């Protein structure tokens, strides 16, 4: 099986971290086809960054399907372009936010999300609501570090992540933690062991769900909102006929 | 006052229809600065089209502010790029879907939306929910005609629009109709007079609300999720310091 | 254009503050027809006060339409009698709570409301939910001062309002503040400049929206729940026939 | 025990029907103190009628408490003035809509409501949502007869009520019916026997719940939104001090 | 009238406390038929305990109906087996959680629940949501004492309950308190008098509501989800025929 | 990997169908440990059946973990005992309803569920809401055949299932179908090919998700509501100390 993992931003170091996590999560025999955004922002920290990353992402989806991808993982916690990707793809497309929430709703009754910047909190809250997880999510928290600083200053990243995890356990009574940024992937095992509760990294969750769905033969429905884009060349002529 | 009205798709004829409606709606002394999407899809009919239209739209927002725009109207009923546009803009940004729903919730207790293609129905339903209007919206209906065919075959457009309006009044007990496509703008007055209930065209609604907000001095909040995009050039260095 | 602004309570000094704000907000050429409640409570601080203010308010709506009013603003943040006013009116009727929330949902992703007395908090929370803004409203806060004390003790009013605004920014991460009382109208500009985020006063917002809707020709739908009250004189006879 | 039952409208014949139902529902030893609205509309069919009935209703609540009433029933399905009545009352105040919905949620998983006029449908839908019963209510239906015609033309009332009940059972799969008008009280037993499913009349339900709550010693909370109205005579002086 | 009160757990001392409360709440002439779970867990503190208590509870419902019970009260705040009990019963079945919430929604606008163990908080939150009370419930709190310790260490129980009540009043601005465990029944009057706001004990509330519903002749609907279990003996034969 | 699949009812033929589907869905090397309910109802058609099946199911979970099960699938669409099973289990526990809905929310924007008996419709609707999928689920439909008749009369089962699928596509505009009964498992491929849209069988979905979660090392959180049941033997003594 071939899973296409796209990091929508243009930072190759982050793609490597993501690819490592995806490969560690994948079953034997699964090929991880990891890709970096081309000409996209170096990190996705807000609606503009999301918007600027999506056209390249859609092109990458199409190229990956031509290469034989069975499923796709969008490896950014804002799930940028998820609906559009499903529209152009034939195989299932998994967003790491939706995947992580589905796992969190399966292994806990209440969880909190910890992301990078405070400005992303409402973005993620709205995603949580759109995915039907609002009643299970205690709170979306932020460590107040930019995405790229996570890798540049790992000691601060760990310290702040641990602090927010403690608050999530004590104040929110969170039973599990969802990591709200693909760049936190490599801190997942450490944090889970240190905190003593499940910590869910979206890259891992999404890679496994992508395998699960593709392996079962599920494909994106082409009836309705995810149907392939229409060819519009005849619209005005047909209308005028 | 100067209102920037952007038609996100690349069909100039549709921009003219939209600009006419915006000018008809505007107060004396308001300048309508209408623009067509550059290099974007000829119509917006799904998530992919939306995604492909947004980068050009954001650039247009910035150029318009440099020209002195006081507010912006995104003239496509899917409100593509609305959050991203608010992030890059200083003035208020009005989506025609959100504006039309706000008017509908002010002058009726229950309304229905009529759009073009069935595939857009879930897209609009999700917008209605995100804007907090789900409990007021009876149903999102579709005339089953592509956007560009509305103009190419106006007789069919009127007939199908009237049929759905009758169904909305009889089956949904809709007290008002929201036109779910910017390309229906020029049918609004006719339909309202024929049906005998208020019909709300988003271009008209959004132009008036843009004037209202800009005139009162409201600007998009720059604290939080709509803050200007961060300059990320120092992220890794700062982190490494 | 003629906008009828009704202060439902019987305190004329408060009507003057409201009328000043409405006139400051209105476009050139708009006539503000401001009115004080007749025989109503001196302030609206709870359900009983609301109920006692509505019959006079409905009579005022009818008189104002006879005088040529194009739209109406109910200048009390509880939006007392809003649905009933829409039923008797022909033009649009704007409640300052609903108007302020519509503006807040357009220029921010998360906001908090600050009102006068703690007892009003659940009242406003229920309005926020009914208007579809609950997912955008972080919290409804109270300065714990009666409505009329705002004007009698402006120094305390400013101090307490500023304190709650700071809490809203720090604890709620509010991106905008909605003033939850018509009597706070004259503190809006000061607070916005001091706090550095948008502050939305319902009188300003509603006056502008009233102009916007009336100017576009929108009228309250008379099909359904806002239809004019029925003449019931023939009910029993017709039934018995 | 003394239960005060107020018919908010001014039609004494309807009060007699309501009083009969309340007495039939009451336990031995319970005194039903039934009252007709003074100077209120002859029927409550919309927001204006509600608003015009509430001031007299609040006065009646106070007089009844002075006479020794232990609890109050507002016998109109729109529950007009319910919150205001709770604010002025010491004993519990039961609305027949809320009471009927509480019973319906206890003895069925899905129910439909049948009211008089189509214009009341959104009014009742909003009440159902506010009382937390929206997920249990399949549909609010209307027989399309004015309130007073129910009594004037009982044969039509029965026929139309039965027709809508059949539709509720077949189309909605309603497991119980809630009668959405106090004027349908006397048709409850007949309809339940004819249809073969539980039919819930709000007057009966509310009378029983009023007894239940008053008998257990429950009183309306006076902390918060239902606290007695404040004495405002000192507001401006205290503020100025 | 005969009300069957079943304590689903197997601790007879707790049944006595519950029976005392039910008898104190009941009207003269009502017979309380109290029963202890047979072979069930000593206390219900989680989903497993609930599950293990239900089969015996259903058998008890059937036996009680054979003895002439008019209605049933399930005296555990998790409302274990409530839907299943309604399916097998003819009379109404009242859960003490649902009953307490219905009372709380009638006499206050906002309330908090105080239960025993933190692990029960999500369980009760989900019940509150399922009963349509989430918008009225400020918070579910826990005293962090096991059910059986309430009776074993009453001094600590009182102290912790009072502490949480103060927090509910100060932080949540709760207007009423709902006791979230049947074992707290005997602390209700003391707490209400000490705190000065209504405190609602589910056993009292449910006993009164059971009387109210049974006395009005309401029975569980047998159309739909609460219909008696089907006799399945002929399924495969009929299918094969 | 070892996946424990429990059919909560006592019909061994149905377990065989379920086990075949699970084995067909499983990856090479995964061992399916399928089990039939012991002493439970022959089919699960309502709340009583669910309740009677859970104690045996919990015992089976514990035995399976002792045998080395890595994850569990509860193969009944009502997800009976799901929360209780998670409380006693160490590995993840997947309900076929929740799993199917998660897949449906990933590959479509709107879907409908088709179950067996009309009485199960509200049961499943409530599950859909509890899992956060209500806004994506168009409708829960029923073929009106008992569970066991599906196997006894396969021709009718196919015909009725196809009819409801057509209605779901035409009336609901469902983009995918969720099979609402474990006994429909073997009709999944046929129906998907015939209807031309994705059809999701919960056994397949849950087996794949169980593999995905167990393979990633996820275990049920033991902090909070899914913590192992407490040992209560010391409660009263400790309290009395």
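Worth pointing out:
As written, the chains take the letters A, B, C, D, E and F, and residue 1 is the first residue of each chain.
In this section, a residue touches a chain if its C-beta (ideal position, glycine included) is under 8 Å from a C-beta of that chain, and two chains touch if they have at least 3 such contacts.
Only a predicted model underlies this, so the values are computations on that prediction, with no experimental measurement involved.
Looking at the partners of subunit D and subunit F together, the chains they share are B, E. The equivalent interface to B-C, defined as the listed pair sharing over half of its contact pairs by residue number with it, is D-E out of D-F, D-E or A-E. Centre-to-centre separation between subunit A and subunit F, using Cα means, comes to 26 Å. Taking each chain's centre as the mean of its C-alpha atoms, subunit C lies 42 Å from subunit E.
Multi-chain contact residues, meaning those touching two or more other chains, occur in subunit A at positions 83, 86, 109-110, 118, 121-122, 126, 135, 173, 224-226. Annotation, chain-chain contacts: A-B, A-C, A-E, A-F, B-C, B-D, B-F, C-D, C-E, D-E, D-F, E-F (touch as defined at the top).
Contacts from subunit A toward subunit E in the complex involve residues 109-110, 135, 173.
Subunit B contributes residues 25, 27, 83, 86, 92-94, 98, 102-103, 105-110, 131-136, 169, 173, 175-176, 196-198, 200, 204-205, 208-209, 211-213, 215-216, 218-226 to its touches with subunit C in the complex. Across the interface of their complex, subunit D is touched by residues 41-43, 45-52, 54-55, 58, 81, 83-84, 86-88, 118-123, 126, 130, 145-153, 156, 224-227, 229-230, 232, 235-240 of subunit C. Those residues of subunit B that touch subunit F in the shared complex are 118, 121-122, 126, 129.
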